[in-house]
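Just below sit the structures, each encoded as structure tokens.
Note that chain A is present in both complexes that follow, paired respectively with chain B and with chain C.
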Partner chain A sequence: MANSNLPRRIIKETQRLLSEPAPGISASPSEDNMRYFNVMILGPTQSPYEGGVFKLELFLPEEYPMAAPKVRFLTKIYHPNIDKLGRICLDILKDKWSPALQIRTVLLSIQALLSAPNPDDPLSENIAKHWKSNEAEAVETAKEWTRLYASDA
Partner chain B sequence: MGLSNFPSASEGVLPVLVINTVLSVAVLKNMFRSMLQVVGGSPSPSSGANSEQESHESSRERRVSITQFKALSKDIGRRSSGSGWKGVTMVECCVCLCRFEGNEEVSELPCKHYFHRGCLDKWFHNKHASCPLCRSMD
Partner chain C sequence: MGVSWSNNNRRRRRSTYFHPHPHPPHLPPPYYYPPPLLPPPAPPPQGYFITSSNPSASTSAATGYVGPPAQYYPNVYTANSVMLHQQPLYANEGGNDIHLSPPPYVDHQTTKKIRNDVNLHKHTLHLCIDPNNPDHHLISFDFDALFDGSITIFYLAKEEENCRFNPLFPDLFEPITFPFQKGAGQKFCQPSGTGIDLGFFELDDLSRPSPGEDVFPLVICAETNSISVLDASPHMQITQAVLEKSNGVGPFQVKVVRQILWIDDVRYELRELYGIGSSATADFDDNGKECVICMTEPKDTAVLPCRHMCMCSECAKALRFQSNKCPICRQPIEELIEIKINVGNQ
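After this line comes the complex of A and B, so read on.
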């Protein structure tokens, strides 16, 4: 079973996430698989994503915490470091992972990435190009996508 | 260009001097070491062999000091009472999020961060060499 032999670290992290959630972030484990989390991140204020509610999925692989969680946006988002499949270009999810990081710190980093897009290390070439050639227009598109896809229906 | 220029005779003197110095230092070191072994008698050859063995271990293993948590926390108390070193006793291991118990073995890195021995070993066995907390590679 997926939920038997769940490491104590995962149980502790889950308890703390539920009892002291980070501002603008919610993460709750799925009932049938405690390694799978449904995540919601509010678009940070003063970013093009303000007012949006972004859904993500987070999965803790067998090797966690020796390997990073797998995280993906489910909500469509216009961001140079997130591709159309929702995959995220973030160093701590790859080579900069450390077992001292947690679900909470990963989600806070993703929230920070929404406030500070980095078109110099892009995952979506076209969006990054747009961002670098005409930032004002790219920000407008991001706002438009937030209204279209990330507003609560 | 640089590659096609062979060093002239005058330029060649310096490397030769350097090599000679290195070689003679090495010879002197060996002589000194064997003298020490003779003077020190029987215990020193074995301790010499030990240090040799340690130096063959990976640097990662050498920089870890393993103690029981109760000894380490006492030591941290002592260090922090000294000049300026601000000792912070971590109560839980950031890898497993469990408290350190007095008789548990903890591994301390040169950056003064420490973890359960088993937790740090797992990270290192995963082909990593950095401190989980500050990423220092010392």
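After this line comes the complex of A and C, so read on.
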């Protein structure tokens, strides 16, 4: 399919992701489309997502690396910067993208976003409101969602 | 081997982009010289200069150069920018905003080599106490020289026309000159009894250059004798440094701020490039030599003014049509300079 003329950078990145995965992150390309990755991120310790396994999809557009990868959570998650469709509010996926960034750095950034929710720059207004009005309760909800939707069982 | 290169984005006359620069510029100077890629340390300077023993590490704060460290990568952990809540499935869909503003025209120049006859290894420059006179300080450093010449030490010296230096306080320390013979990997140790009593100076005056950067606390001028009698213009390398004490106490530490070449009546400033050498501190998935964009070709293009050598020329050309920001630090690109490291061009 789209695997002919795959840029060497993508091949290299893929090899490195498979041979030296970042802690708590796995990414493997789909067999029929080497630009489409199945991603799993473990919920960071000491975050409401601890113990959860979050599935994401990552797609490298034709313009990559001049354009950012497209990334989306497939696992439901209660997070002020991630909406119900799994879209992620992260600057490096938008205007702060740089071709020096890679799949690995993008996924590390998303992992960091799980550790540091930012309700002041929300994507999900309701979750952000919840987070700001009653953080303890919002964190509990996030933990509950982690148990409900992100358990590997 | 080493190369040097220069550019000047205000003047585009290709044949003359080595311009005389009679006064020290206040803004980032237009002349930059990368250290050689291949094993630089001491032995024979094969017609070249700038043998910084660890080019990539030397970009650290210790050099006093402005600019981000060699392995600085964009702020991947900064989350969250405002974005529109629209329909697309991916938050970044349609995110082609980097394409919207056309990049400014940037020069894509290749480099030119010049030869330096004498080079002071700036990381070896030290100030120590004269064992026979604890009030006085002596200079030491390593250097290479292709020809015989002399070294002159100035304190609080002002740069004048034609790369000449005048001490502001000649009564406190008369500039002192020592001859040397040609040879690589030499060590210069200022003889006991010829040092300076820095107690006469305010620490503040020693720890920074004058606001206009024409007076530096320590100036070392290394000059080689002309090859022929006809060649009247000397070759000089000038090292300008400040003297610091950590927290105002302890021994003086020398911090080189700038090095200047004066060759055939033209003044060049030496600047290092970030990422030109392979680095031991390279990111774990980046061996440091590949273009950060294609991750395939060797880097040969540097971005100005931030001096990040991070791309191959092909990717640099492609980047010009996509973005005007440096891939490493996101500073606006003013120019791209291609540096042929192994090819003996010009």
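The rule we apply is simple: the second predicted complex is superposed on the first by the 153 of 153 C-alpha atoms of A that agree within 3 Å, B and C clash if a C-alpha of one lies under 4 Å from a C-alpha of the other, contacts with A are read in each partner's own complex, and residues count from 1 in each chain.
We take it that a contact is a pair of C-beta atoms (placed from the backbone, for glycine too) under 8 Å apart; a residue touches a chain by one contact, two chains touch by 3 or more.
Because the structure is predicted, anything quoted here is derived from the model rather than measured.
**Student:** Please determine, from the superposition on chain A, whether chain B and chain C clash or fit.
**Tutor:** clash
**Student:** In the overlaid three-chain picture, which partner chain does A:D121 touch, first (chain B) or second (chain C), both, or neither?
**Tutor:** second
**Student:** Quick check for you: in the superposed arrangement, does A:K12 touch first (chain B), second (chain C), both or neither?
**Tutor:** Both chain B and chain C are touched by A:K12.
**Student:** Is A:L148 contacted by the first partner chain B, the second partner chain C, both or neither?
**Tutor:** After superposition on chain A, A:L148 lies in contact with neither partner.
**Student:** Identify the partner contact of A:L108: answer first if only chain B is touched, second if only chain C is, both if each is, neither if none is.
**Tutor:** After superposing on A, A:L108 lies in contact with chain C but is clear of chain B.
**Student:** Of the partners chain B and chain C, which touch A:P99 in the superposed model: first, second, both, neither?
**Tutor:** Both chain B and chain C are touched by A:P99.
**Student:** Of the two partner chains, chain B (first) and chain C (second), which one does A:K70 touch, if any: first, second, both, or neither?
**Tutor:** Second partner only.
**Student:** Which one of 55-63, 163-171 or 199-207 is the stretch of chain C that crashes into chain B?
**Tutor:** The listed stretch with clashing C-alpha atoms is 55-63.
**Student:** Would you tell me the residues on chain A in contact with chain B in one complex that are also in contact with chain C in the other?
**Tutor:** Dual-contact residues (chain A): 7-9, 12-13, 63, 65-67, 96, 98-100.
**Student:** For the complex, which residues does chain A have touching chain C?
**Tutor:** Touching chain C from chain A are residues 7-9, 12-13, 16, 20, 59, 63, 65-68, 70-72, 81, 83, 85, 87-102, 104-106, 108-109, 112-113, 116, 118, 120-121, 123.
**Student:** In their shared complex, at which residues does chain C touch chain A?
**Tutor:** 73-83, 85, 88-93, 95-98, 284-285, 292-296, 310, 315, 318-319, 322-323, 325, 327-328, 330
**Student:** Tell me, which parts of chain B touch chain A in their complex?
**Tutor:** 94-98, 119, 122-123, 126, 130, 132-133, 135
**Student:** Of all residues in chain A, which touch chain B in the complex?
**Tutor:** Going through chain A, the ones touching chain B are 7-9, 12-13, 63, 65-67, 96, 98-100.
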